[in-house]
Structure formats: C-alpha cells, structure tokens
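In what follows, structures are represented as structure tokens.
One chain, chain A, links the two complexes that follow: it is found with chain B in the first and with chain C in the second.
== the complex of A and B ==
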C-alpha cells in the first residue's frame, strides 16, 4: 500500500515539525528503591507521538518497555519513581497531581493491558464496562440511561462485535480475542487522543492476534489517534508501526521508520533481533542468536548497554562512556558509536544469513518409534454423580514419529496439541485410541507393570512450556539433574560418576559446570530451559516431547534454545515431537508437521510443503496469520474465512 | 526536572524498609521469653522460696513485683514460669504441624479415599468445641501438663491438615511436579523431596501463628487447675492464684496476664511477618 519512502518522508516530517507532537517524552528515567538500594529500570529515553501516528516500542523482557508505558499514565507500581518530562498539551504529566492525572487517563490517554483475561471485572457485564467509562465523560452530552446502552452497543460494533447481545454477557463467557476487543472498546470509549497498548495481543492466538491488531489499526486510522504499541515481537511492530523505538536495557538504541529498520538496522542489537527471529518462509541452518542475556541497566550504566553481547565491540569507543542516541542519517537515529565502521559488515552478515538451507528432506522412513492411532480424550468437569460439562480435547488424532525424526504438532490453544503430548508421557490417560511406544502399549501408564513403565519413561521424556514453573524452586540444578540420572540407572552409581555426568550434561546444554549449585531463582528463563533439557536428557530418551519449549522466552534466547535443540538432535540422534503454535519456529526444527484443529489432525506432511502450499483452509488461515511487514497483511484478514 | 512519586507511598515504605520497629520489638519479646524458658532457673534459682514474715506485699526493692499470699517472689515465679509457657506450645505446634503435614500431603497428593477419610475426620474435629473437649478429657483423666499438651496436639492438627492439603493441591498441578512424575520418580519421593520443601515457608509461618493459640489454650487449662500441678510456677496458674490478691498486690495477677498477652501477640505478629517474607522467597516469578 504505502511505499517505504512515503513512510520515511512522513516520519521525517513529523520529526522536523517540533511542537506538533501530541505527546513528547524527554529523558524519562524510572528508578526503584528497595531496601535503600536504588535500581534503574529505564535510563533516560525520549519519544514523541503525533496524531494519527503509530509508534512502536520494541524490546525484550527487562528492557523497561512496560514500565515506560505505565509511567506515561502515572500508573507505575508502588516503589517506582519516574523522572524527566512527559509533555501533553503543554503540561508535564509527571508533575501533575493524581487528581488532575485521573482526568487525563482514559479521556485523553488510554491504556490497554496485555492480559485480556484479567483486565475486565469478572462481575460486570461487558456493556457495563463501557457504560461506566461513557458516564465519566465530562465534555460530552449527558445521555439517558437507555442511550448509554445503545452507545455501548454502537461502540462494540466499532471493534467488530456486531452482536448486541455481547453487551449483556459476562467477560468469562467470551473468548480471549473477544475480551480483548471489549477491553479496546472500553479503553477508547471516551475518545482518547492517545492509546497506549502494552503487548495487546501477546496472550492471544496467532489468528486472533491478527484480527485484534486489525481492529486496533483501523480504529487508530479512522480516529487519527496516536498509538503507542509496546511489543516484544518485531514482526508485529513492522506490520503495525510507522516508527519504531528499539529499547534495550532501559535505553533506546535505535529509532527510525519501521520499513527502514526492517530494510537496514543501524544498531547491532536490532540486527541481532532481526536475525534471531526465525523466518517463516524458509529454514536456516542456525539462527544468529545473540549470546548471553539482557543485563540490568545499572550494570551497563557507563558503557554501551549492548557492549557485553556485541560482536563488534571495541573498548574504545564502546566502553568509554554511554553512547547517546545520535542522528546517523536523516530521521534515522542510532546509539551505536561504531556504526560508520561496521555498517557494511552488518549488512553483509544479514545477507549471508538470508541463505536458506533446504528443509531436511525426509530420507527413507526410519523405524517407527511412536505410533498414535485414533486418540480420543474427553475431559469431564467434576466426577462421579456430579460429572458436568465435558470437553473433547482430542477426536481420533493419529500420528507417527520415526526413530530420530523431528515431528511438529501445530495448532492454536484448545486444539488439543498439549493434551496429545501429555498422553504420550502418561500425564493424561486417553479415553480411547492406542499409543504404541517402541513396541509397548503406552495408552494407559497406570495399567503397565513397573518394568514396562520405566522403559517408557526412559524412551519418552518431556520439556515443559514454562521454564519458570518446571524446575522446583526449592532445589538446586545439581539436585534436579542428579535425581534424573539416578532415575535412569538401576543400581546406585558412585557419587563421582554422577558428578561427572552432571557436568557433562550441563556442558551439553551450554551451561558452565558451576551452575550446579544454583537454584532456579538465580537463572534466567533461557538458562532454566537448558537445565530442563539437561534433566530430560539425563534419562537418555529416544523421543523428547517439547511442549512449546520456547514460547515463554525472548526472541534472542529463543534462537539459542532452538539452535541447541537442533544441535542435540544431530549429536544424539534423538527424535522430537515439537508442539508449538508458532509456525516459523516449527519450520526451523521439524521435518514433518501435523496440523491439529479442534482435536483432529487436519493436515500433515513435510513442513516445507505444508507451510508453503497449505491444503486445508485452517492451515491456510494459520499461515496467513503470521505477521508480515507489508501493510496489506492486516487488511487481508477479512478474506480468510474460518473453516466450518 | 520534576519527580512524580508513585501513588501509595505506604506500600513503598513496606517494600523499602526492613522489619520495622514493631516487628523488632516483637522479636525481642519472643527471644527474651525463649531465653527465660531455657535459663529461667539459673536467673531466679528458687521461685518457691517463701518470705512468710512479709506475706503478700506490693512491689519493693527486695521483691520488684511484690510477693503472693505465700510470700513467694512474683518476678522469680514469672521468670521460671516461662518454661511451661514455652515448652508446651512448642510441643503442641510442632506435633500438630508434623501430623498435619503428613496427613495433608497424603490427602492432597494421593487424593481419592485417603482424601475423603482425612477430610471427614477433620470435619468431625472442627465440629467439636475444642476447648470444652480439652477441659472434659483432661478433667476426667485427672489433669497433668503433658496430657493437656497431647490433647491440644490432637485438637489443633486438623487445622494444619487442612492448610497443608490446600497448599499441596495448589502445588500439585505445577510443571515441576509433573516433570518429576515424568522422570518416573515414585509418588512418595515426589511428595517428600519436591513438594514438601516448597511448603516449608508455610509450615514455619503456621507454627508461629499456632503458637499463640496453643499458649492461650494451655494457660486456660492451667488457670482452671487442669494443667500443671499445684505449686509449679506457671503463668496460667499464677493468674488464677493472683486473682484474689488483685487489691493487695495487683502485680501478682496482672504480670502473668501481661506476659501471656505480650508473648501471644508478639508471636502472632512475628508469624505474620515471616509468612509475608517467606512466601515471596524462591517464588518462581
């Protein structure tokens, strides 16, 4: 639709025309004080938003992006303080008393939060949420009681909820995407000039994310609102935003028009983010992960915040002082002080990483390791005579995993993909159907004798989605892995052997041996997931069921873990059942893929074929929902119809 | 440059400051009473020595809190009485926590029939008026300090059982428990080596909070003459014996009462504070 140069001109024009900004943030710093110790969360960022402009704040966890959003509305959690200026209509919001700020919140600047499941009061009907906000308007005409309801229904229609009955239902009766829409409608009910959206679609499914983003975008365009979109997902930012601020460890490292950043990032961190994002249209041999993890802003207060992880770092000038954001080219700002020297190296790296490797061709089919046939699983609420509502999670699902083969299982939440994985490791017992693992009937673990069950445990292991939950917070890394090693071996090994094996396993997942004394609280998300992988590997399984193993991780860490999984498979010849909602991630890891929809396998085949030329309409819709940087991505939403 | 303080400065203070003066004071009282319980007889070697010439008397230089009707020094008896005030409640809370933890884990982790049986037993115990049952049973069996302690262990264990069962049910679906099950570990090991360590903060807090209840319950039995034997220095008993002396030496009645209240209240506040601190520690997120 709009060509890149138009964007550039537009961004350039808004940057030049000082004073036309709706909101201007200068040198915003956010600090906390805990037990007398001061901590920096955001160290001096500036940003502007104009009417009708969509500005993206992109950053990983720990970058301070959510706190920035909250600071703009004076909604920082207790114990956090904001310094600097946030100018709105000539007034400094940070200096404003709470009473005055309350008049601005909602009516001038509104906020949408991440979690659609908690942002609506569960005891109020959806319409009431809107009516309540509408009644608070002090500028508009006072309406009659009846008219408020009509207005609420009209507002819901605006966000694409055409059924007036939705106003009379409670939030828990709606799906996540519908709730997010009601939340959006309530947030903009008083026609704010600026909308701050903090990860508005992170908790949603891919297809729902696309629909919600489309609603946001069209509302923003029709009302000429300023939209500040906070996201960790570069793909979403590129699809939605005019201008992008890349935030890292509490500082802005790059600002430019979205298509410009996408075409040529001018900061090694932005480049790293782009490269660690798994491409959805091809498979790459290794993702260019950024080593390490995001530091605390205070650890990098006197040098370039990215210096500890940067491949191009030089002591001088990178570590002599904190680089300021400078204009490198018209309306392209970067905080990299070496950009003039390394610009060409960076683009060379980018183009070399573009080369795809062919999706691993499925060679002669190896021996079948796991066969699942006609699996049904019905969940019943309550039990016995009180048995109530039933949910059928799996409807005759069948799949096969060969020895050493990597198989993907994709689908949205509620598709039954996790249930299938849990059935394989005996955490759920299927209602009907057969699971054969290495020649043993694994349909019901509890019906097996001890030896057979132990055999299955050593054949199939699982990695869980949330590394923050899957490690015992009270136990050390050493305890977790040693215990798994003991579970593998029949007789007790001498302690020295266990120590050596633990060290070897940690090395295999890329962790230093001295991590064994740590508890999960002292590990980052990526490190936790590595420990969880090491624990599963301790049993020397032949199949690893990976249930969304990277969905809780930041994109740079996600790339590290995906690379690790690929390397482990090469080294150990282990098979994967890789469960994920993210098609781009799946493409990097698996050979074959099964698409699950409402408990049924609707399509399967080599991953490249399925994703490039989907046969089933549901698969097509999934593929279409992957964010693309071109602007017609959002508009194509109405064309893809839901399959019956 | 302007500065916008976050709203709710009060909460900030709670995060920012340490234990605070009140909690420090409570810790001081708790530790002080513990020291008296351990070394009371060493500080006041002869609590039953009588000064019959004086009889009951108000506070003086020789007897800081005066004497009771048998001419015994109230302060000395107060100091030595700390032992029964601490020992019993410690036994009661630990015993009850032990029973409650085992039964709670069994009910919550294993579930099924054991859950039903344990819950019905707990319901039955809740239906009984605890203090009354204690009075009747101890009275019928002839009294005695350790009998009272044993009865109170049985009476307070259903509360701990319920608490631990609820916490077990909360932890059980967590991924780290499932991960341990997928490793093929036996249920007993998953419960004891994985689940239990995560309940320890809760158990500690519950022990502290239960202490105050046990202290008062035990003192009440002693007050009624059902706890310690006659003549033993004990706060509950001193309270009963001092009643008649309220106008001759108010300290004889008020001092043990004040000690009971101070100790119980301090334990409660310390328990609350510990519960708040411990529940945040090691939390996954």
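== the complex of A and C ==
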C-alpha cells in the first residue's frame, strides 16, 4: 500500500485545481413535524461537488442519507423541512420557489433512486419515460415526435441497451439491471451537470451492480458530471468516489479523499464500518462489529453521535457537547475529538482485526447429515389450461452437508438457491431427485408419516431473509419461541420450564431476557433476526438453513449476526446451509461452498480454494464483481482519471 | 396483446356472459313457482273467484300443466327473442313497455354516473393532494353526508330549493330530446349521483395517496416534469384500477337502483315500473325486469374487465409471463 501522505497531496491538489464548486451544501438540516413534535433527521451537513467529481455519502439506515439526496432537489416528502443552504450557480435552492426549482430538476441536477423496480411507472413504456424527459430540454429546436423516439433509442444505447425494442416494452418486462439502466438514461436525458444517485445498485445482483456502476462511472466521466453517490457500502464508495463523506445519525463524522479514508479512517465509526464489512479476500476470526444500533439524531444532539457505541468514549470531551467537523490534517476532516489520542490504537486494532485466519480446514468429513442428489424443480406459471410457461429453478443440483459442517450456497437471484433451501425444509417439493436427511427420505414431506415428518422438521430449521416478515407482528417474542418449544416437546411442559428455556435461548442469541415481552415492532432489524434464530434453535435442529440471513441488515448489524452464527456453531455443533449472494459474507461463515448458476451446481469445494482460484468462469465473474477499492475494479471505465 | 388473444379473451367472456344469464334465467323463472300461493292464483291475482274456464285458460296459456322444464324451455326460447309475453296488468307487450322505460332509466343512470365521475375523481385527487388539510376533510365529510342521506330526502330537498323556490329546473316530467332531457333530469341525476359519490372519492383518494407515495412519482418530479403531468399521467393513471372497479359497481347500481329517485320525481322509469309490477304481481314484467337488470350488471362488469386491459399492461401481458 502506498503511503497515505501521497494520497493527501493528491487529493489536496485536485481540490485546489477545481476551484469553484458546482454545488455547495452548507449546514443542511432536515426536520420533520409529526403531530406537533419536531424530529431531526439530518443535523447539519456540509458538502461540495465539482464538475467531473464523484463524492460519496456513506451511511447506514437511519443516517439520513436518502433524505439528504431528496433535499438537494427540493423533493422531500410532505411534512419534512430542509434548512440551511444549497448553493447551485450562486442561487440557494432551498429558498427557491417550486416553479424555479422545477427548471433545475432534471436539467441541472438529476436523481436516480434505489429500487429499479419502483422507479419507473409500470404503466408507461420505457421509451416514453425518456421521450417525455427529452421533450423538456429547452436548448435547440423542438424535434418532431419521431425524432424524440430516435433520440431515446440513442440514449438507451449510451447506457448499454443496444436493442431499440426496449423502448417499446414496459418496465416489468425487463430485469432489474435493465430497468436501472433505463432509469439512468431517463435521469440524464436532459444532460444534467450533477447526478445524485441514491443507492443505485443496492437492489441489484453483484455482477449487475458492477455493470451498473461501470455505466454510471463512464457516463460521469464522459460528461464531466458531478456525481453524488449515496451508499451504505464502503467498498462501493471506495471503488467509485474521489471523496467520501461518512454520515452517522444525521451528521457528517468524517470527510476525506476515498483512498485516504481507506488507508486510515480517522473516526471510530468509519473504522467500525470498515471492520464490520466482511473482507472478501480472507477470513477473519471475528468481525469487529459495532455494538448496538444507530440512534435517533435527537438522542445524540448534545454529544458525539457515536458516543453510545464508541469503544474509546470518554465523558469529557465526547459528551460535553456536539463535536464539530474539524480539519485534522490537510483535506482530512473528522468529528472525533479524541482522534489525536486514539489514532494509534485505532490503527493497531485495524491491523489485528484484519489479520487473516486460515479458512476452516476441511477436517476428515464427519457423518453426512444431508445429501441432495440430482434435484430438479420446475415451476409452472399460471394454472390449469393457461399453464404453459415453465421455469426450471433447479437442474440436477446435488450437495452434501456433514454433521456440524457449515456449507455455503452462493448464486445470484434466479439461480435457484432459495428454492433448494426451501426444498430441504419441505416448503417446496422437488420435481425430481432425492433428499436424504439424517437417513430419512425428505424428497416429499407430504408422503411421510407424521413421525418421520416431525423428525425432519426438528432436524432442519430455516431462517429467512427478511426478519420484518418472518415474525408475526401481533405476537410477542415469548409467544414465538414458546410455540416452537412446545412443538419440540409435544406435551405441555410446566410454564416455568418454558420460561427458563426461553430466557436461555434469548441469552444464546445475545438478547436480554426481558425482550420476551416485546413485539417485533419494538425490535430493530438485527434484534428481529436474533429472535428468528432463537426460534429456530428452540427445536434443537442439527441443520439450520439460513436464507440470506444478513442481507436485509446494516453492515454493523450484519457483522454482529455473523459473529453470532459462528459462535452458535462452535457452542452447539450445529450445521449450516448458508445461502447468500455475498461472497465476502460466505467466506466468513462456511467451510465449503457450492456455486449455483441457473439451477446447476457449477463448482464446489473448500471456500478458500473456490474464491481464491475459481475454476468455473461464472464463479470467476462473481469473484470479480466484488467491489475492490485498490485496483481498477471498474476496468473499462476507470482508466481515464480526472487530471489533477 | 395480439389479435388472436383478444378474440379468445372476448369469446370466452361473452360465452361466460351467456351462461351466467341462463343460470339467472332459471332463478328468475322459478319466481313464479316460488311465490306464495299457486301460480294460477297469482296470475289471476284473484279479486273475484275465478271461473274454472278462466283457470283452464290461464293454465293453457302459461302451460302450467306441463313439467317445469318444459315451461322453462318455452319461456326461455321466447325470451331470447325478447318476447316476454304480455303484462298481466296492462296487457301491453312487456318488451315494448320495457324499452320505453329503459330509455329513461339508462339515460338517468348514465347521467348520474357521468356526474359522479366528473366530480368524484377530481375531488378524490384534490383530497389526496391536500392530504390531511381542510379541503381533504371537507370532501370526505361531504361524501359521507351524500351517502347517508337517502335519495328521496335529497331529492325532495333539491326539488324544493331548485325547482320550487329558485325555479331553475322543472319539477316534473322527463323531457323530450337530449338537451331537454338533460335539463329535466338534472335534479334526479344529482340526487342519484350523491348516493354514489362517496365511494368514488374514497377510492380515488386512497389510490392516489398510494400512487403519490411511490418512487416513480419522485423520479418523475426529479426529471423536471410538470406537476400536472406527474399528478395525472403518473399518479392518477396508476390509481385508476381501483377507481374503475368501483366505477363499474356504481354504474351497475345507478342503472338498476334508481327506484327511490324515480318515484320521488314521478319519472316513468324501470324502477317505477318494478314497484308497480311487484305490487300488482305482474309476473311477466317482473321476470323481464330481473333479466334486464342482470344483463345490465353483467355487461357493465365485462366492460370494466376490458377497461382493465387498456389501463394496465401488466394485466394485458399476464404478469406471471414476464
């Protein structure tokens, strides 16, 4: 790694060279008023963007990053107000009347949103989205209808959609990646000077994410647009951005050039975020998770917002007032007031936390617990006479899980990984093939007698992706777990025993016993997933099928849950089938991995081997799609760096 | 949707319509048997004790000696040619009587429906845009009043104010020719429309609120599209499905449920005819009316479904197939 000083000079020089900024945000505060009660969502953000520059706003959910994006265009939802100044070409956008703002939107500042599935109107053809935007351009003569269409097709080609037929289809007929490209094309149809991209690739698959980011980057460079990229993923920010603003609970806690932050974060939160992110190239013994979860900005209005979760916190100076962002070194700003004292401790922690441990050695394989052989699953769309279109989700997939072994199943959406998991627990019945669980034929749960079925259900349990949907909102935590406990015992245990067991289970997943009285609404995402795990454990299963158990969670919380899963395995000797699209996550929790592509297992082996030297081209493509900060990850597009 | 698919869809739906009407016709025809007392007595609507010859004549005429199936078969084969026999009360040809009355009722119903859509949808949009503010609450309150006040009460009120006191509209008669009818039927149409306004406002408002919350609205605004375009081409367009559903139901009600209004305004429509005929136990007319009502409701439903296809490409292409 090159010395950080070099980067500092580089970044400083580029900032000097740019001179004036395209957009300057000063002390942006966003508040809401619900039923007469004021709430702060963003408490004072400053940022600048220049032509041709990419700045990243990085933060977890609750940091206020999406509302910041919308505030820049004056598109806050009803009930939210923005204060401060947003200066664009010498005018304050926040003070501008709606009519004038509308002339800025799309033509000067454009926005793309996170979810390509909801960004386009489902009732409007893709080309129409572009054409109507093109028609708003006020430069040059107005074109005839036909010409707008031609222009729309040309614009689609610019984002890599070469099939002109795409202009005539409806958004729901396209994949997520294609929709996102149509969205990008529509957003920049009026050639804006600044593009605000709010988590533009979060909803996409890894390989699609990389392609979409590539498209964004090359457009930004060829047009010298200022790009504000909002993301929760530090890796993406490092790969894409020149400068990074780290946002926490509505405040900016650190600003510096991306390589500088990557080399040495100067705020404990940034460090925590960096260390929570599972490294893709090695396994670490435990992820340095940040305890707790993001507070409301108002709860931390008079202290350092990160104080409640910080390992280095001191009442004085951290809690005596809200620290302001200060320049610690040239072009390196941090809001940490203790940074001078703890800088060395922070880097020491980083080097020890990033120290790799050998990927779990694949010991002499234990007894096989689950064997899946030649599994086929065909889904048929529609029913009755309309049934025609079929989708083959699984094509002769085979895998094995040993007793106490952790096995990964990776693949992108549509690869059939979830279907396989659901077949294992009997939620789907395979069309062909065999599933043997603990010596029992589990290919078709409905064909089993009651005892065998109960045995299988106790042996295999599942954790679902979305903890917001997998718990009944009307029932308490206690109810969810006791219900599962009763299913195990099949007879009425005395209530005291159940209470004790529930408390014990909650303790196992790291929740205080008094959480039993809570309902899901009173729990954070991470806590809900812990409850879901506790509920699955109540049956003392020997295999836990984890279907993307952390992908709905913030990075810092994700790290907590991954650590928990690793610890549970050590304590209980339980086996996992860990289904995920995220190779870095998989690397941290599994021994062996299967790569699923279009329903087929294309590669398998010890996780280290597969990820370090993939044999199948698809695996290689997956590995290459992991964001990397240090190299020209976006290949084709990142060659032309801005002149300094 | 390709032409062949269109034809298949329409063919299927029209076939279903016919089958449904047949099923209903069995029920309707059974009325005469289900009614208390013997069919003969009912048909004679006994004021005087009937002579045996009269009874025999009735039995002959309505084939009451034959099996139920035969009777039904006979009735239905005539009914498909719009021959429902003669009215017992007036001796008039039923189909002919119905045609005159239906013209008025369909005009009145469509009039009221047009008023509902013309006012209900914009009010719903307005309420959604001004969510939670005075105009939103006022609109909802107004629509609640409209739906809870019985049509004959609002009818009399309207008559009193606009016909008697102000004299803007005629108090009586159905009018001749389109524009005269429009003037004559204005008050009844308003009275009728008030009963159906609330659901349309509600559905429009709810649909709009949901649509306005979507990302595509933010994205459309972010591209600088005019507010009107965002509201209508994006918001209302996406809110339309529930509105069309409710609209179909309400059109059905407007066409078939105008009884109270027709009586209040002494209009010779289907509703008034229904009441007279039921009172008089004029079975052929009641049967024909029931069939006509069913046919109207089913046709409106079919039109609604066809409208869905035009509004929502996801239905047109079958979302599962994408």
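Everything below uses one rule, namely that the second predicted complex is superposed on the first by the 615 of 644 C-alpha atoms of A that agree within 3 Å, B and C clash if a C-alpha of one lies under 4 Å from a C-alpha of the other, contacts with A are read in each partner's own complex, and residues count from 1 in each chain.
Here, a contact is a pair of C-beta atoms (placed from the backbone, for glycine too) under 8 Å apart; a residue touches a chain by one contact, two chains touch by 3 or more.
Because the structure is predicted, anything quoted here is derived from the model rather than measured.
Participant: Scan A:78 for contacts with chain B and chain C and give back first, second, both or neither.
Facilitator: Once the two structures are laid over each other on A, A:78 reaches both partners.
Participant: Could you say whether A:600 touches chain B, chain C, both of them, or neither, answering first, second, both or neither?
Facilitator: Neither: A:600 stays clear of chain B and chain C.
Participant: First (chain B), second (chain C), both or neither: which does A:147 touch?
Facilitator: A:147: touches no partner chain.
Participant: For A:487 in the superposed arrangement: first (chain B), second (chain C), both or neither?
Facilitator: First partner only, chain B.
Participant: Check whether A:366 is in contact with chain B, with chain C, with both or with neither, and answer first, second, both or neither.
Facilitator: A:366 contacts neither chain B nor chain C.
Participant: Counting touched residues of chain A, say whether chain B or chain C comes out ahead.
Facilitator: Of the two chains, more chain A residues are contacted by B.
Participant: Going by the contact rule set out at the top, does A:94 touch chain B (first), chain C (second), both, or neither?
Facilitator: In the superposition, A:94 touches chain B alone.
Participant: Touching chain B in one complex and chain C in the other: list those residues of chain A.
Facilitator: Residues 78, 98, which sit in both footprints.
Participant: Going by the contact rule set out above, which residues of chain A touch chain B in the complex?
Facilitator: 27, 33-36, 74, 76-85, 92-96, 98, 425-427, 453-454, 457-458, 461-462, 464-466, 468-475, 483-484, 487, 519-521, 532, 535, 539
Participant: Spell out the residues on chain A that touch chain C in their complex, using ranges where they run on.
Facilitator: 70, 73, 75, 78, 98, 102-107, 110-115, 118-124, 132-133, 136, 170, 172-173, 183, 186-187, 189-190, 381-382, 386, 389
Participant: Within the complex, which stretch of chain C touches chain A?
Facilitator: 131, 214-216, 218-227, 229, 233-234, 237-238, 311-314, 317-322
Participant: If we count contacts the way the header does, which residues on chain B are in touch with chain A in the complex?
Facilitator: These residues of chain B touch chain A: 1-12, 15-18, 174-176, 178-185, 193-194, 197-198, 200, 282-285.
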